[in-house]
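Across the two complexes that follow, chain A remains constant while its partner is chain B and subsequently chain C.
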Partner chain A sequence: MSTSTRLAGVAAFLLAVFVLVPWAIAASGRWDFYYTLTSVALLSIASAGVWLTFYIGRINIGQGAYALVGGYVSAILMTKAGFSFWLTLPLAGLFCAGLSVLIGLPILRLRGVYFAMVTLVLTEVARLSALALPVTNGAKGITSIPLPGEVSLFGLTLIPDFATLANPKLAFYLVAALLMVLCFAALYRIVNSRLGHLCRSLQQNEELSASIGVNTAYLRVLAYSISSFFGGIAGAMFVAISQSIYPSSFQVADSVNFMLNCFLGGLGYVFGPMLGTLLLYFGWDLLFTTGRFQLLIYSSLLIVLMLVLPNGILSLLDRKGGRR
Partner chain B sequence: MTPILEVKGVTKRFGGLTANDDISFDVAEGEILSVIGPNGAGKSTLFKLIASFLKTTSGEVRFKGRVISDLAPHKVARMGVVRTFQETTIFRSMTVRENVIVAHHLRSKASLLGFFLGTRQARADEAEFGASADDIIAFLGLQPIAEELASNLPQGHLRALSMAIGLATDPKVLLLDEPFAGMNHDETMRMVALVRRLRDERGVTVLLVEHDMPAVMKISDRIVVINFGQKIAEGTPAEIQANEKVIEAYLGSEDAAIGI
Partner chain C sequence: MEQILVNGLYLGAQYALIALGLTLIFSLMNVLNFAHGQMYVLGGFVTYTIVSQLGLPFIVGLIGSAVTLAVVGAMIEKFLFRPVIRRSHREESTMLLAAGIAFFLDAVILLLFGEKQRGVPKIINGVFNWDFRIIMPYDRILIGVLAIAMIAAFILFMQYSRAGRAMRALAQDRVAAQLMGVDVDRYSMIGFALGAMLAGLVGGLLVTITGVNLGMGGPTSIKAFMMIMIGGAGVISGAIAGGFILGMMESIGLTVLAAYGDITYLVIFASLMVFLAIRPQGLMGKPWG
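== the complex of A and B ==
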C-alpha cells in the first residue's frame, strides 16, 4: 500500500469515528449506541494489549486482571485521595505496567500452554484479591464515583466537567474513541519500528533471537508491560463511565473474550483486535433474539470462523489483494 | 599472542550424565577449527557452553582473556561470539532480507524508544542496516531470493541464510553447528569456499562442529576430536588422520570416512 492510500484510509476512518457515527446516532435517535460503541472502543484497547503479547509468541488470557486492577486504581485514587480522573487514567495504566513487570519477570519464562494457564489464573487472583483487600471494599465494590471533572490550563477550559454536560454519553464516546485511536497508532508504530521486528523475531525463535544479541527477557517484559498498560487504561475508563467497580467487573470470561477478539480479527494484523471486538460485540447482541440458543449459535459460529479463517477476518484482504 | 578463545577445563553434567568432561583447547585469531566426534560425543553441548546458552558445571570459557561463560547469551553475542544453529533455524515468516536486517540488532546505536519515535539516529541505523544487509546478501550470493519468505527456501539456501544472520551480528568468532549437514557434494564444496572467504575477507575466526569428514579435512586449520565427552586428540588434519585414538573412536566402517 502506498503512503497516500494509507493516509486516505486513516482519514476516512477518523471521519467515520468522529463525525459520521455521532451524526448517524443523532439522526436516528439511537442514543444507546453510544454506550455500545464506547464499550467496543475500550474493549478493543484491552484486546490490543493482548494482541501485543501474541506478537511476542505468548498466549495471554489474563488481560481481565489488569483491566480490573486499572479500574480499582482509578476508583481508589478518585474516591480516597481526591485525584482528578484525568490524572488517574495514566496512573492506572502505569500501575498496571509496573505490576506486570513484577508478575512478568517470573512467568514470561514459560511458553505455550503453560504461560496461558498462569495468565488465566491471574484474572481469578485479581478478582479474589479485590474481594479480600480492605482498600477495595470487598464485594460491595466502590460506587458513586464522580464523573470526570474539568481540565483547564491558564484559565482556558480544555475539557469541561462531565457532570455539567447535557450529553455525557457523547463525551465518553469521543474520549474512548480518541484513546482507541491513540493506542492503535502507538501499536502500529511499535509493530512497524525495529521494536516490532524484534518482537517478531522473539515470536518465531527465541534462541536465535538471543544469539543475534537481543535481550529476550527484557523485550518480553517490555512488551507485556505495554500490553498491561493498555488493559489498565481501558479498565479505568470503564470505571469512569459506570461510576462504579466490583470484583466481578472483569472476569475470566472477559479475559477469554479479549483473546477471542484478537483471534477473530487476525493475529497478523495490527487492526485485527479492533475489528474482532466490533464483530464479536455486535454479533453477540444481534443473536440476542435467538434466546436460549444464543450461546450455542455464537460458539458454533466462532468455531466455524476459526476453521475457515484461521488467520482472522483480515486475512480475507490478503487473498483478494495480496497485500499484508 | 594470546588466543582469541580459550576453553579451560570445561565440564558439563546433566544429572548423572557427563556430556563434557574437562575439555581444554585454545583457538587462535583467524583460525578455522573443527570439533569432530561420533554421535552423542558432546559436540553440540560444547558449542552451547561456549556461546553460554548452557552454564558450565565447572571450568570456564574466555574470550580475549575475559571470562564469558557466566554471562547471558545475548551479552556473549554482543562481545562477538555468535552461534548459528544445528537445525536450520531462521525467522521463518520473514523474508531473507528481513532476516538479515533484524539480525543487525547488535549494531544499533539508537534505543528502542528511539526506534519507536523515529529519531535521527534510528533512521540512520535503519539505513545502515539495509545497506549492510544488501552487502551480506551479495557476499553470500543470495540476491535472487532476497525478497523470498524464508519458509519457502530449500536446505542449501537456508544454511547460507543462517550464516548471513550470523554475519549480520559482525562476529569476531562464529560458531557454525553442522554447516554442511544435508548438503550434496557440490553444495558442500561451495559452502567450504564460503567459510574460507569469511575468514580471509572478513577476518572471522570460525569454529565448526561437523560430521562430513572430507569437508572437515579440507577446511580446517586444526581439529579437536571428542569422544564420550572427553577430548581425545587435537592437531592438524594430517595429524588427526594418523592418530590411533581417533581411528579407534571411529572404528570399522567410519575409518574410510576420515580418509584412512
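== the complex of A and C ==
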C-alpha cells in the first residue's frame, strides 16, 4: 500500500473519531454513546498491550491485573497524596511497567499455555491483593475520586478543570480517543521498526533468534513492560471516569475479554485489537435488549465467528492481496 | 494436625479428579479448556436435577452427569474444536473458542437451572469421630473414597486398555501415532469426552457436599489451571500430584493463616510464582509442554 493512501486512511480515521462522532452524537442526541465509545477506546488500549505480548508469541491473560494496579496507583496518588490526575496517568503506566519487569523476569521464561495460565492467575492475585492490602481500603474500594483538574502552563490554560465543564462526557471521550490514537501510533511504530522485526523473530522461533544473537530475555521483558504500561494507563483513565475503583473493577473476565478482542480482530494486524474491542463491546451492548438470552446469543455468535473466521476478522483482507 | 491432613486429602482427591480431565484434554489436543469449570458446574446441576427433582438414587444422578458431559464433550470436540484447529494459522485460536464455549455453557446453565445455589440432601448421615482428633462426616469420607477409586480406575484405564494406550500414544506424538495406525480423530473425540466426563463426575460428587451454583465455573477453572501448573501440564501423574498438593496447601493455609485474614490464596499464588520461576515446567512436566 502506498504512503499516500495510508495517510489518507489515517486522516479519515482521525476525522471520524474527533469530528464525525461528536457531530453525529450531538445531532442524534444519544449522549450515552459517549460513555460506550470512551470505554471502547480505553479497553482497546489495554487490548493493544495484550496484542503486543501476542506479537512476541505469548498469550497474555493478565492484562486485567495491570489495569487494576494502574487504577489503584492513580486513585491512591490522587486521594492520599493529592496528585493531579494528569500526573498520575503516566505514573500509573510507569509503575505498571516497573512491576511487570519484576514479575516478567521469572514468568516470561514460561511459554505457551504455561504463560497463559500464570498470567490468568496473576489477575486473581491482583484482585486478592487489592482485597487484602490496607492501602487499597479492601472490598469497599476507593470512591469519590476527584475529576481531573486543570493544567496550565505560564498562566495559559491547556486543559480546563473537568468539574467546571458543561459536558465532561465529551471531554473524557476526546481524552480517551486521543490516548487511543497515541497508543496505536506507538504500537504501529514499534511493530514496523527494528524492534518489531526482532519481536516477530521471537514469535516464530525463540531458540533460533537467540542463536543468531538476539537478546531474547531483554526483548520479551521490554515488550511485556510496554504492554503493561498500556494496561496501567487504561486502568488509570477508567478510574478518572468512574471516579471509583473496587477490587472487582478488573477481574478474570476482563482479562479474558482483552485477549478475545485481540483474537477477534486478528493477531496479525496492529488495528485488530481496536476493531475487536469495538465489535465485542458494541455487540454486547446491542444484545442488551434480548434480556436473559443476551449471553447465549453473544457466546453463540463468538463460536460461529470462530468457526467461520478462525484467524480474526481482519483476515478477510488477506484474500484481497494480503495486506498486513 | 491430623484433622488438617485428612481435610487436605479429601480436598486433594476432588481437585486431582478435576485436574485429570483438564490435563487429558490438554495433552491430547493442546487445547487449554477454559470451559472445564463450567462443565463441572453442569455436571453438578445434572445430578441435582436427577436426585432432588426426580427423586432417583444418587448413583443414577452420578451416571447421568457422566453420560451427559461425555456426550457434550464429544460434540464440542467433533463440531467445534476439530474444524477450528484444522483451519486456523495459530493454535492459540482455540483459546477464543474455548472461552466462547465457557460463556455459552454459562448461558445454558443460567437458562436451564437458574442462578440459585442448589444442593442435594446428604447421602449418609452421621459423623466419624476419632477421639476429637479427626472429625469427618461420613458422606465426605464416602465422596473422598469414591474420588480416589475413580482416579485409580482412570489410571488403570489409561495404562491397560486399548483406548488408553492409543490416547497415551497420541499425547506423546500425534504424527507417529497416526503412522502406527491410531485413528487420531476418533481418539481425540474419546479423550475430550472422557475429560469432560471427569469434570461432570466431580460436579456430581461435590453437589452433595458444597452444593453448586452458576458462579463456581470460573474459579474452578482457575484452580484446575493451578493444579496442572504445579504438576506439569499434560502429565497424568502431575495432575494428581498437583491436585493433592493444592488441597493440602489450602487445608493447611486456611488453618495456619486464619489469624492474618483471608490471605491463603494470595500466599498460594505467590508461592506458585516463585516455584514456577525455579521450575517452569512444573513437577513432572516436559519442558514447554
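Definition applied: the second predicted complex is superposed on the first by the 322 of 324 C-alpha atoms of A that agree within 3 Å, B and C clash if a C-alpha of one lies under 4 Å from a C-alpha of the other, contacts with A are read in each partner's own complex, and residues count from 1 in each chain.
Following the convention adopted for this analysis, a contact is a pair of C-beta atoms (placed from the backbone, for glycine too) under 8 Å apart; a residue touches a chain by one contact, two chains touch by 3 or more.
Keep in mind the model is a prediction, meaning the values are calculated, not measured.
Is this a clash or a fit when chain B and chain C both end up on chain A?
Fit.
Looking at the overlay, what does A:Thr36 touch: chain B (first), chain C (second), both, or neither?
Touch status of A:Thr36: no partner.
By the touch definition at the top of the document, which applies to A:Arg189: first (chain B), second (chain C), both, or neither?
First partner only, chain B.
Looking only at contacts as defined up top, I'd like to know whether chain B or chain C touches more of chain A.
Of chain B and chain C, more residues of chain A lie in contact with C.
Does the superposition put A:Val118 against chain B (first), chain C (second), both, or neither?
In the superposed model, A:Val118 contacts chain C only, not chain B.
In the superposed arrangement, does A:Asn205 touch chain B (first), chain C (second), both or neither?
The answer is first: A:Asn205 touches chain B but not chain C.
In the superposed arrangement, which partner chain does A:Leu264 touch: chain B (first), chain C (second), both, or neither?
second
For A:Ser84 in the superposed arrangement: first (chain B), second (chain C), both or neither?
Once the two structures are laid over each other on A, A:Ser84 reaches no partner at all.
Rounded to whole Å, what minimum CA distance do you find between chain B and chain C in the overlaid structures?
10
On chain A, what residues does chain B touch that chain C touches as well?
none
Could you please specify the touching residues of chain A with respect to chain B in the complex?
Per the touch definition, chain A meets chain B at residues 189-190, 193-195, 197-198, 200-201, 204-205, 207-208, 210-216, 222.
Quick check: in the complex, which residue numbers of chain C touch chain A?
Touch list, chain C to chain A: 26, 30, 32, 34, 80, 83-84, 87-90, 92-93, 95-97, 99-101, 103-104, 106-108, 110-111, 218, 222, 225-226, 228-229, 233, 261-263, 265-266, 269-270, 272-274, 276-277, 280-282, 288-289.
In the complex of these two chains, what residues of chain B are touching chain A?
Touching chain A: residues 51, 53, 72-74, 77-78, 82-85, 89-94, 98, 101-103, 105-106, 108, 112, 115-116, 118, 122, 125-126, 165, 168-169 of chain B.
Which residues, counting only chain A, touch chain C once they are in their complex?
Against chain C, chain A makes touches at 54, 59, 103, 106-107, 109-114, 116-118, 120-122, 124-125, 128-129, 131-132, 252-253, 256, 259-260, 263-264, 267-268, 292-293, 295-296, 298-300, 302-303, 306-307, 310-311.
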